[in-house]
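As structure tokens, here come the structures.
Both complexes below contain chain A, partnered by chain B and then by chain C.
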Partner chain A sequence: MLEVRNLRKEYGGLIAVKGVSFTLRPGDIFGFIGSNGAGKTTTIRMIATLLEPTSGTAILDGADIIRNPMEIRRMIGYMPDFFGLYEDIKVWEYLDLFAALYRVPANRRGHVVDNVLELTDLTVKKDAYVQSLSRGMQQRLCLAKCLVHDPKLLLLDEPASGLDPRARAELKELILELGRMGKIVIVSSHILPELSDFCNTVGIIERGELLAFGPVNQIVRDLRQARQLVVKTLNPDRSVEAFLSTRQGVQAIAPGTDGDVRIEFNGELEDQAELLAALVHEGYRVVGFREEQANLQDVFLELTTGAVN
Partner chain B sequence: MKWNLEEAVWNNPMMIEVTRFRRRYLTLEKSNAANVLGLGMLVVVVVGAILLVLSTGGTVSPISLIYLQTALFCFTIPNAAHAAIAGEREKRSWDMLLVAPVSHAQIVAGKYLAVLVSIAVLASACGVCILFAGFTFPYTDWPKLLLAEIISITFAVLVASFTLFISARNRRAFTALGIVLGTLLLCIAILPAFWALLTSGMEAFTEIGFYLNPFFAISQVDRPYGSLRNGGPWVYGLPHAFLYLLLSVVLLQWASMTLTFADNEKRFLPQPQKDA
Partner chain C sequence: MTATRPGWLQENAATYLSNAIAQRDFRVQFRGNRSLLVFGVFVFTLISIALLYYLQTSLDRQTSVAAAQSNLQMFYRTVMWSLAGLVCVITPALSATAVVAERQRRSLDLMMSAPVHPKYYLVGKMVSSYRYTWMLLALALPITAASVVLGGAAWNDVLAAYFLLSIHALVFSAFSLFMSTIAPKPTTALTYSYLGIFMYVLVTAFASAALIATRMMGMGAASREQPFIVGLNPFSVIEASNTYTMIAGHAIPNYVIVAVVGLLLTRLFLFAAGSVLSPYGGSEVRGLRMYGLALLLAFAVYVGSQLGGFTTSASMSSFTSNSYILGMYVFWIGMLGLFLLPSLVCYGYDAERRYRPTGTMNWLRMFDGTPGGGLPYLWMCVGVLTVGMAIGLAISNFTVNQDFLLPPLLLLGVLTLFAGIGQVASAALAGVRTARAVVIGSYLILLVMPLALISAFFRDVYQERSAWFLDVYLLAPMVRFPEERWMMTLAYGVGSLIVGLTMSLVSQRILSSRRPIPTTSHVIAA
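For the complex of A and B:
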């Protein structure tokens, strides 16, 4: 389990991270969302023991990043947003080096290297020089490097940046697989729709402050108490809006695009069904009736102002 | 910073640096044009020197080749080692190394031993020429030749430590190279020249100022023993080797304490402003 407790980082007068706290359990895939300069990378680097927090701490399975940094390092895999690989060594040598750095016994290293190469689909490149790999493959190699010691926590800072759609899809599958293996995965990204696809928990950070944390659905629910319904009828006229405004639970009505009507509705699914039945009963020829789900991007835009430190 | 020999050398995964170094500078495989050119030039210089020694029929003093070797060290070692740490910072591979459970001492030891390989290769290549000259030169004094070689090699070890130290304190490999070459030029040529001008006529003072200069030390070793200022290997030769090695240890220790990284962060943050 990872407990981040009131993590704070100051650079002179600048507060980069203001007391961030959250808890993650094995198998959690946590999407860390924020604009550039919001404090994501600083938070990740503090958890990775690369930056000393001004105050606060993080505890991974009982080990503290301040008191036991070496123990933490043995339990984490860190993939920075920008990284360089040693170009003058072969793929297997690179992984073998990191396996050795992470104290994987010499007699197991070959097996471990083969396993992570297979997991990251790089087996065919085992004997290739690192410099000959494409950007996507280098990204996968970096991820493979993070896995050689079977870490409990993976810190992936913008892992999908610069990848083509296919490589992104493969990376997503890989991260999901890692989550299924029981690892805690922290992923920071700007590509919100992708994050909501595979993260079971998200955190939205702005100006170093964690504005929201939890499962995507819960954050959406917390932000929007009322449901957003979209009703579309044949030959729409103003009478639909007038009729809807008289119904219980309807809080606000606004004409939408393409002749539909958008309703802010406070009620449960049963109430929605009754509203639809009433429309039909009243003689309106309903061709569309759906609840519009807020997505991560809506939530992000609603919660944040775009300000940076 | 604790230095444990077993952890730093025998059980140090960073020894792969030696392989990387060998691949980068000592093979044609996967090497770039500049390195191939450098390697080619080394071969040409060594072969040329041997041919010169043989063709002149014993008129080339082996000590003069040790001067040449020392000068070669001053250029080749900084070129080979300047990017050892600064280059990693520049390429952004540094963070991944620092986040691994490896000590700073192990990182420095791995990088340093790789540089020592270059000294070994150069010293071996030059050693062949020096041996040729030693056997053909009629006045070769082998103990003095050995002492001069010790001064030259221990100075090379110091240059390697200094380069690694400067590399550890810089984020740009090219800056590190400039600082090392500039410092060597200043300490070996420019300052001694000024000192010689200032102390002209006061030979003892000149000698004190020049004491640690390897070229001067080698020239003193080459003098006949028994002169007033020359007390033999205990004045010129062994103290130099000891001091060069001592300085190397200090610089390496300092380098391992300098492997900071947090300051990299500041570069990517905007100008400080009050939190709103």
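For the complex of A and C:
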């Protein structure tokens, strides 16, 4: 279990991370969302023991990042947003180097390297030079490097940046597989639709402050107490809006883009059905009546202001 | 199968014997034709030198045996000088870019997020460059052997000289690695390394020349007893390979002493590099500081024992006792601490937490690398230097009196004064870099400039009582009125100590009255 407690980082007069706290359990895939400069990388680097927190701490399976940084490093795999790979070195040599650094016994290294190559679908490139790999393959190689010691926590900072759609899809599958293997995965990104696909927990950070944390559905529910309904009628006119404004539960009405009407509706599904029935009963020829589901992007845009540190 | 925690033995075996970083570098270094080309050119150059000497000797058919042997000795000397030059040039080229290039390539984070101590990483890097240099030295061995076979040198001298060169390669490698950890760019690291090594070669050359001249006057040119400092210069390995130093009545070969000194220096540089690389600064900084004190003690004892041998009981000056003059050595050696002072005592919020204020004089923080422990550490260094020197003098049967303590007192005062300036600047100004710049500026104003200006404009003004403005000069006790030197040193020592401590207290007041650090909201609101 990973417990991040009031993690804080100050740079001179600026607070880059302002008391971030959250808890993740094995199998959790956590999407860390924020604009550039929001504090994602700083938080991840603090958890990776590469940056000293000004205050607060993070505890992974009883090991503290301040008191036992070496213990933490044995349990994490860290993939930075931008990383350099050694040139003049073959793929298997690269993985062998990290397996040795993580003290994987020499007689098991070959087997481990083969396993992670298979998991990341790089077996055919085992003897290729690192510099000859495509960007997507290099990303996967870095992920493979993170896996040689079978870590409990994976810290992936913008792993999908610069990847083509196919490589992204492959990476997504791989991360899902790692989650199924019981690892805690923290993925930072600002490509929101992608994260909502495979993250079971998300956190939205802005100006170093964690604005929201939890499962995507719960965050959406918490943010939008009222349902967003879209009503479309044949020959729309202002009378629909006037009629709707008299109904119970309707909090706000706004004209839509395509002649439809958007309603903020505070009520249960039963009340929603009654509203539709009333419209039909009133003689309006309803051709569309749906609840608009908010997505991660909407939540993000609603919660954040775009300000950065 | 999460990575396991290795034991002490495993840890050290992995660091020194099967270092993964050294293995990786080995693969890269010897992949392709590059190394083959370098080795080929190197051997070709040495063979060319050998052939030139051979042709020079063989063309002269009337040459005597003595002249031929002299030629061979000259050949041996030329080869060893070339190898010394090679060590000075190639070691920094291999080591100085090792860390900084990884930082620039952004691969250092991948290394540092693995469960390896900076020591493991640095030893791996050092082994890589050292191994390469050693291979070049080994390639030159057959050519050097030619002069042994033909009578230009003895085998044991050649092996001792090689051993000394390899020790120099180790020290230079560690020094360049340290430069690589502090430099922002590879070119800067290379420049720092070459500059440092050039200065080292220059200083050891001058020191050994001076010491050899002194010894020769006492013992004659034929004596094999020579100060080991000769061996600290890579260009005088031939002189150091068959000489010895007398220590406590025992003739210790110079190559043994140089090896010990070399290993101690290597360790010091690795500690320093490790403390820079260490993310939290903890054990590496503590190790560096404690090790620094131990080395300082050893150095002070050595210097004391050497000075005691030279100094007679009769006073060298009518106004100053010999104890005072010996105390001056402590003062001038301790003044080198001024180079470290800005990084030890200055603090600022624009840097990592280890540079945040932790008090002005906190003895408990002496080894943790935070600014609060900076001044106590400097005081401790002065204490260790003074005690070490006194022990060294006692070993050589020279007993010091209370006058010996006066220059260290002045040193303590000067260091405290500048520490006070650094603390006030840190508390009142924006950041640690500005504070350090202020301290360095104050050195120029209070220590360097007056001496230069006064020497340029007023000849012999030091001895004139009307030149009252000289009284504010910190080093006045050293240059003014020899007959009052004792009292002046005491007064300036105590005075600067009081002023320095007062400034420390003032800095504390400034710090407590400062407005809190602006938060993100303040910044945005502004």
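Throughout what follows, the second predicted complex is superposed on the first by the 309 of 309 C-alpha atoms of A that agree within 3 Å, B and C clash if a C-alpha of one lies under 4 Å from a C-alpha of the other, contacts with A are read in each partner's own complex, and residues count from 1 in each chain.
Operating definition for what follows: a residue touches a chain if its C-beta (ideal position, glycine included) is under 8 Å from a C-beta of that chain, and two chains touch if they have at least 3 such contacts.
Here the structure is a predicted model, which is why all the values come from computation and not from measurement.
J.: Following the overlay on chain A, give me a clash-or-fit verdict for chain B and chain C.
T.: clash
J.: Contact-wise, after the overlay, does A:97 reach chain B, chain C, both or neither (first, second, both, neither)?
T.: both
J.: Touching A:173 in the superposition: chain B (first), chain C (second), both, neither?
T.: Neither: A:173 stays clear of chain B and chain C.
J.: Tell me the contact category for A:268 with respect to chain B and chain C: first, second, both or neither.
T.: neither
J.: Going by the contact rule set out at the top, does A:151 touch chain B (first), chain C (second), both, or neither?
T.: second
J.: Answer with first, second, both or neither: which of chain B and chain C does A:42 touch in the superposed model?
T.: The first partner, chain B, only.
J.: Once chain A of both complexes is superposed, is A:207 in touch with chain B (first), chain C (second), both, or neither?
T.: both
J.: Counting only touches as set out at the top, which of chain B and chain C does A:302 meet: first, second, both, neither?
T.: It touches nothing on chain B or chain C.
J.: With the touch criterion stated at the top, can you tell me which chain A residues are shared between the chain B interface and the chain C interface?
T.: 11-15, 18, 45, 48-52, 70, 73-74, 76, 78, 80, 82-86, 88-89, 93, 97-98, 100-103, 142, 145, 207-208, 307, 309
J.: Where on chain C is chain A touching in the complex?
T.: Touch list, chain C to chain A: 1-6, 10, 14, 18, 20-21, 23-24, 27-28, 31-32, 102, 105-107, 109-117, 279-280, 348-354, 431, 517-520, 523-524.
J.: Of all residues in chain A, which touch chain B in the complex?
T.: It is residues 11-16, 18, 37, 41-42, 45, 48-52, 70, 73-74, 76, 78, 80, 82-86, 88-89, 93, 97-98, 100-103, 129, 131, 142, 145, 207-208, 307-309 of chain A that touch chain B.
J.: Can you list the chain B residues touching chain A in their complex?
T.: Chain B residues touching chain A: 13-14, 16, 19-20, 23-24, 30, 88, 91-93, 95-102, 261-262, 265-266, 268-270, 272-276.
J.: For the complex, give me every residue of chain A touching chain C.
T.: It comes out as residues 10-15, 18, 45, 48-52, 54, 66, 69-71, 73-76, 78, 80, 82-86, 88-89, 93, 96-98, 100-104, 106, 112, 142, 145, 149-152, 207-209, 307, 309.
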